[in-house]
Amino acid sequence: MEYIYAALLLHNAGKAITEEAITAVLQAAGIEVNEARAKALVAALEGVDIEEAIAKAAFAAPAAAAAPAA
Amino acid sequence: MEYIYAALLLHNAGKAITEEAITAVLQAAGIEVNEARAKALVAALEGVDIEEAIAKAAFAAPAAAAAPAA
Amino acid sequence: MEYIYAALLLHNAGKAITEEAITAVLQAAGIEVNEARAKALVAALEGVDIEEAIAKAAFAAPAAAAAPAA
Amino acid sequence: MEYIYAALLLHNAGKAITEEAITAVLQAAGIEVNEARAKALVAALEGVDIEEAIAKAAFAAPAAAAAPAA
Amino acid sequence: MEYIYAALLLHNAGKAITEEAITAVLQAAGIEVNEARAKALVAALEGVDIEEAIAKAAFAAPAAAAAPAA
Amino acid sequence: MEYIYAALLLHNAGKAITEEAITAVLQAAGIEVNEARAKALVAALEGVDIEEAIAKAAFAAPAAAAAPAA
Amino acid sequence: MAEERHHTEHIPQWKKDEIENIKELIQSHKVFGMVRIEGILATKIQKIRRDLKDVAVLKVSRNTLTERALNQLGESIPEMTRYLDNQTALIFTNESPFKLYKLLEQTKTPSPIKAGAIAPEDIIVQKGPTSFPPGPILGELQSAGIPASIDAGKVAVKETKVVCKAGEAVPQKLATMLSKLEIYPLIVGLDLRAAYDDGTIYEPELLAVDESKYFSDIIRAAQNAFNLSVNTAYPTGATIGTLLAKAYAESKSLGVNAVILEPGVMDSLLAKAHVQMTSVASEAAEKDANAVDDDL
């Protein structure tokens, strides 16, 4: 999930999610970057509505808690 | 949420969540770091089982309590 | 609600909820303390499992109504 | 959560939520105050309509319970 | 409805719900007691599990709390 | 809940909800009265439209009925 | 070296130019790929070429020339010759190999399957009406194994059925009928067999990025962040509202459950008492209607 966290970090800060930016963030965290994964992430996110996913997460959180009780 | 994402990134990579590490990650993302926020995050996470805090749905307590009635 | 907030503040910090403690907290917030309310609060909480009382939905009725639809 | 309770207490009392006020309330409860956390809270509350946030609390519970039924 | 509240009061206090007890409570409130009604209520409640009836209602209360937020 | 029952009993009977009236009703039910709570009750009800609060509960009633069916 | 020079002297100038052109295209782009174009109509290739013109260059060349060009380049470029197929085109881009793959996937369109071709997946005919009026087609469908009948004056498929299993050859009759029903079981377009990017060769298994998985990963990551922030009471712009609501809800719950006689919870307490009373009253009324007031 580090790659996803890096992408969300950039998204949150209003930065473009590029291979270079992802690489820089992960390296700063002391993580060895796999180039192919970074490339794949950037390509995949082009077709993903991050805001929509985040909005879904906000709704889903409470549901997740209710579920085990059910 | 950038600070939280930075913390999760570090946690995921098995790195210690220190003020320095958080600062490094955020700066690599081109984010200007607010020292108090970084410090506060480290303080808030002290002694916290992050895996548990992640898994526990936030603020669904009432819902969870109501659910058994279902 | 300020008396209840004060009680939960103390509870969260692992402090005993006494009339004196409640009074101190409220006064620090610049609130004039009504002795009867403070006393009543402490009396009401006597023997109450606060964690449980917090978790138990007090106002999730619609949830109960929605649940049967599940 | 004690920082949050302190903020709500101050809000309820019609007081400004400042670092000093939060510190005073927490200290009155015998809590050692982390300056960074107080600062971070004040920063996070900037521009937030507390009344509105509280009003959502009532809604949140039922929504959470209703979700799994969907 | 006063009769029922009187019965609930007695139940809460762990007292038997008798015609005399109901009468005493209502009279203390300055209410003129209808003997037949008190008798009928006591008889009717003999077959009612008050705890259960209360528990059923417990989940409904929250709706009232949620409503003002609407 | 006995204090609330007593208050509603008085309200229903069209009587004023005073500390003395509450005390009288509770004592008639054999309940030992906590003076502070009686005072707090009266204070808390100041400015509260009991009819309105009850009317909101009426909405909740169907929920109560639905719950056991789940 | 001498031998090679000797060898190249035998090939005509246009071939030399073509080889140079390929080498130049490879060197002037970050990424190049091998694309299978077998069985794709020239018109379709032309259309794809036009559609991609802003992001990629498609070049159809002879395999022998491509092979020669690749072998003359350094790094691990010659290894790309492994992906030459019967009919292979080269594609050049400055986008990432993943983006290239996605672009090429998007050029794919459903096409009819020919008789004798192997079904890549189960071919299913869905139950429902067709556009055909009753006629000989009914019998043709039936003999092709498609359960057809007349319904409301039209030929209709009676039930959903797998008419050809994955891996089996499609019989002639069935292929004809599938075409008539406008069922196109094949997805045809440029197949990226491999992409070369900065010393690394990417194969389709790696390039096929599941966007829905990323979407759900993002939801999970956002959820984790949200939970962590709220559960540790570390306020952020996105969670401060929730934290306030949580604190308020907890306070209200405590107030109601512990019957704290505070103004903020009186409405709930009164409502709760009233509902309890109503509940007890209705049970009492079931036993004896005279036990409660008329208005209950």
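Just so it is clear, A, B, C, D, E, F and G label the chains in written order, and each chain counts residues from 1 on its own.
Going forward, contacts are C-beta pairs under 8 Å (C-beta built on N, C-alpha and C of every residue); 3 or more make two chains touch, one makes a residue touch a chain.
Predicted model, so just to flag it, every value in this text is computed and none were measured.
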{"item": "Chain separated most widely from subunit E, comparing mean CA positions", "value": "G"}
{"item": "Chain whose average C-alpha position is farthest from subunit F's own", "value": "G"}
{"item": "Pair joined by the larger number of C-beta contacts - C-G, B-D", "value": "C-G"}
{"item": "Geometric centre distance via CA averages, subunit F-subunit C, whole Å", "value": "19"}
{"item": "Approximate Å spacing (C-alpha centroids) for the pair subunit A, subunit E", "value": "57"}
{"item": "CA centroid of subunit E to CA centroid of subunit F, Å", "value": "11"}
{"item": "Separation of subunit A from subunit B, taking each centre as the mean of its C-alpha atoms, in whole Å", "value": "15"}
{"item": "Of all residues in subunit E, the ones touching two or more other chains", "value": "1, 5, 8, 56-57, 59-66, 68"}
{"item": "Residues of subunit G touching at least two other chains", "value": "221, 224-227, 233-234, 236-237, 242-243, 245-253, 256, 259, 261-263, 267-268, 270-273, 275-279"}
{"item": "Parts of subunit F lying in touch with subunit G, wherever the complex brings them together", "value": "1, 3-5, 7-8, 37, 40-41, 43-48, 50, 53-54, 56-58, 60-61, 64"}
{"item": "Sites on subunit D touched by subunit C in the complex", "value": "1-2, 5-6, 8-10, 12-13, 15, 21, 24-31, 58, 61-62, 64-66, 68-69"}
{"item": "Residues of subunit G defined as touching subunit B within the complex", "value": "221, 224-234, 236-239, 242-243, 245-246, 249-250, 253"}
{"item": "Sites on subunit D touched by subunit B in the complex", "value": "34-37, 39-41, 43, 60-65, 68"}
{"item": "Partner subunit C, residues of subunit G touching it in the complex", "value": "247-265, 268"}
